[in-house]
Amino acid sequence: MDKQSEIRLTPAALQAHNISYHLGQRRLIKQVSLSLQSGEMVAIIGPNGAGKSTLMRLLTGFLPPSEGLCELQGQPLVEWSPRQLARTRAVMRQHSDLAFAFSVREVVAMGRSPYPNQGREGEHNQRAVEHVMAQTGCDVLADRDYRALSGGEQQRVQLARVLAQLWQPEPQPRWLFLDEPTSALDLYHQQQTLRLLKSLTRSEPLGVCCILHDLNLAALYADRILLLHQGQLVAQGTPQEVLNGETLTRWYHADLGVMPHPECGEPQVFLRR
Amino acid sequence: MTLARRFAAVLSAPLMVVFSLNAVAADRIVSVGGDVTEIVYALGAGDRLVARDTTSTLPAAKNLPDVGYMRQLNAEGILSLKPTMVLASELAEPSLVLRQIADVGVKVVPVSGEASLDNVPHKIQQVASALNLEKQGAAVTQKYEQQLAAVPRTPLKTKVLFILSHGGMTPMAAGQDTAADAIIKASGAQNAMQGFSRYRPLSQEGVVASAPDLVLITRDGFKTLGTVDKVWALPGMALTPAAKNKQILVVDDMALLGFSLETPAALAALREAAERAQR
Amino acid sequence: MTKVSPRIAFSVLIVLLLALGLGSANLGALRLSFHTLWETPLDDAMWQVWLNIRLPRVLLATVVGIALAVSGAIMQGLFRNPLADPTLLGISSGASLCVALVIVMPMTLAPTLALYSHMLAAFGGSLFISLLIYGLSRGGHGSLSRLLLAGIAINALCFALVGVLSYISNDQQLRQFSLWSMGSLGQAQWGTLLAASSLILPASIVALLMARRLNLLQLGDEEAHYLGINVPKTKRQLLLLSAVLVGAAVAVSGVIGFIGLVIPHLVRMRLGADHRWLLPCSALGGACLLLTADTLARTLVSPAEMPVGMLTSLIGGPYFLWLILRQKEFSVG
């Protein structure tokens, strides 16, 4: 069931007001409105070609909307200075290739580039790098050549980098966007990563928005789910509200069923054979 | 004066300082340009040379140090020979280098580079006056002009084809606006190749159509081909009158194309061959 | 391949450069050692030669070496490819074409212009192509593949036109052009040195200041954007810097190959890819290589001299090959 989105007028939010995106004749995003609070974890799901990545690019300011407005903390995205924006929101994409041999530590440290590097700030940068590498389990990889790592290890390093980008000595509202952050990870690391992200949204004013393919992971960890289909936001709400058989079948066309998770009760999707 | 002041004085002062030698009073001359070197030797001043350039292929100059290709000189190299004078063809490059040498106080004498038979006396005169050998210069000039005048210039019907051949390059025929064309015309004969200027690769049809009576080629060019048969084996050559009558003339490079002192002799040889080949 | 600490490498390179510089200034066709200079009075012609011919040449070798190496490092970073080099976008081809034109076409110039005709032609050619490339980079969202294709086309076109000019040239012109295209520092003098340095040194310094941004570009265009970098503008600026460096170098010294490709590569192999060290160490490395090559070029066949570009390849090629073969793990760059 579609719900009308409510635009809450709190400053600690990233808000999209009726944004659309056209590329030539094609309308990739059609009048999407949503709000991302800092301190909540939101998952964007949807079938292939729904426009999830495009939507993320609009929300993060990489693409300007053809219509509508994106605001971060009350200020339109286009008015933010690139440096301030970089300190407030970070984006992790699915694949990141490097042509040259950087060490893991060097890659993570690149995340601190929006911050000055003298004196006390320099110390903060170092602390940030050490902290996030420990958080993501990259400390053991610190001096290895990034290109020699497995896909999963590289994803963890990228996660460390974006976390380093947002780390601050006094926590402030920040937003982290992730495009399929778990696609190359094994089960253990999928769980670790999402647990980490969830805990960060609880312990700090960090808002997380990730595109996830795996509906069950979305259900387990996200506070809210946004279902995108052909550029339109067709469902929004808690996992319970969005992940039901009727909605999913309608938009995914797959033959599936939904049942509650045996331990926490969140809806878990299974495919029929 | 402080060191800095002295440096400044050195850099800004007009550079009219004679290059200090190791107490040698004799002339030390560097000659740049094959034709210039040849004139120096003809004037009898070869013993005053201390170096020459790569294009000076005169056997007498072979043992002199080589300062490099005429079009790619370098200042320090020439200066290392401590010359009192540099005789340089106007075709020598880079001119900046010659200016640097002049700035140090060495006399640089430019010698005309124009490529024509009539310019050779002018070159002789320039070199002779620089070396204070005007009398010898006049003698050499007279000999040159006499040799040139002795070559009959009456028009001949002979068609001459000049072939330019270098290693690694397809052999080319000389059209108009080439030194070869000028020499052929000066001998009274005709250039078999008409209608284009500079050089063009030999083409079967072109060669057959031009029907040369005599093939002219330089010694170095002939070396790259190897034997006379290789010449006749070039595109279209086998069907020419020149091939049928085996009329080919090989002449020294410098003499034929360099408008040097040997050119009258080469011209005479060409005239003779052309008369022989006339149908 | 064991990595060396960048700080140590940098210090070693500085010392090496100074040593090579002093050595070069001491050697030459003309036997002018420091010992001799010390003995002779300052107004002597010996000082003239050293100050006006040898010293500018040593400094020019340093400056051109810096230009080529930094330009190569920028290109490799910009294109994220260790095989990129300064000639990729056709700037030196444009310069070559203009020089070939000046050599082959008969033209009468004012005497002062005639002295510098090759340099002015080369610089004009570089400038033209640079503007072309810059213009192309403004349209489109800083797409480098478009520029790459344009560079290929420019290189091919210039090569063909130079071929046409060679065809109609005489022997001497041909030889002169081929010598120019193998590079030479033989026309070094204070005027050209100062002109070249006034472009090369500021451009190199600006490049050093952009090292951090070059690092971030390695993560990807979008990633760099999210870190606060204006990606199209940064790329354009880097392109411009590379063009200025190559243009100035080619104008005063002809086409000296190999340094722009291999020095950054070598430095990256030993020091890592952080451009904050890669750029300055490449600059020093390029200067050292060119100084060595030029000293050899003007002393090995003295009083003649060899084209220095030939020597940079002869020295560098086998060494580089050896390094590649020695590498145990395959990691390019």
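All chains are identified by letter, namely A, B and C, in their written order; residue positions are counted from 1 within each chain.
Convention: a residue touches a chain if its C-beta (ideal position, glycine included) is under 8 Å from a C-beta of that chain, and two chains touch if they have at least 3 such contacts.
Everything numeric in this text was worked out from a predicted model, so none of it was measured.
Using the mean of the Cα atoms as each chain's centre, the chain most removed from chain A is B.
Among the chains in view, C has its Cα centre nearest the centre of the complete protein Cα set. With centres defined as mean CA coordinates, chain C is found 36 Å away from chain B. Centroids of chain A and chain B (each the mean of its C-alpha atoms) stand 78 Å apart. Averaged Cα coordinates give chain A a centre that lies 45 Å from the centre of chain C.
Those residues of chain C lying in contact with chain A across their complex are 80-82, 212, 215-216, 218-220, 222-223, 225-230, 268, 272-274, 331, 333.
Residues of chain B that touch chain C in their complex: 6-7, 9-11, 13, 15, 17-20, 51, 54, 65-81, 91, 93-97, 99-100, 103-105, 166, 198-199.
Interface residues of chain C, counted against chain B in their complex, comprise 28-31, 42-49, 51-54, 57, 114-116, 118, 168, 170-172, 175-176, 179-180, 184, 186-187, 189, 298, 301-305, 307.
For chain A in complex with chain C, the touching residues are 60, 62, 82-83, 85-87, 89-91, 93, 96-103, 106-107, 110-111, 113-114, 145, 147-148, 165.
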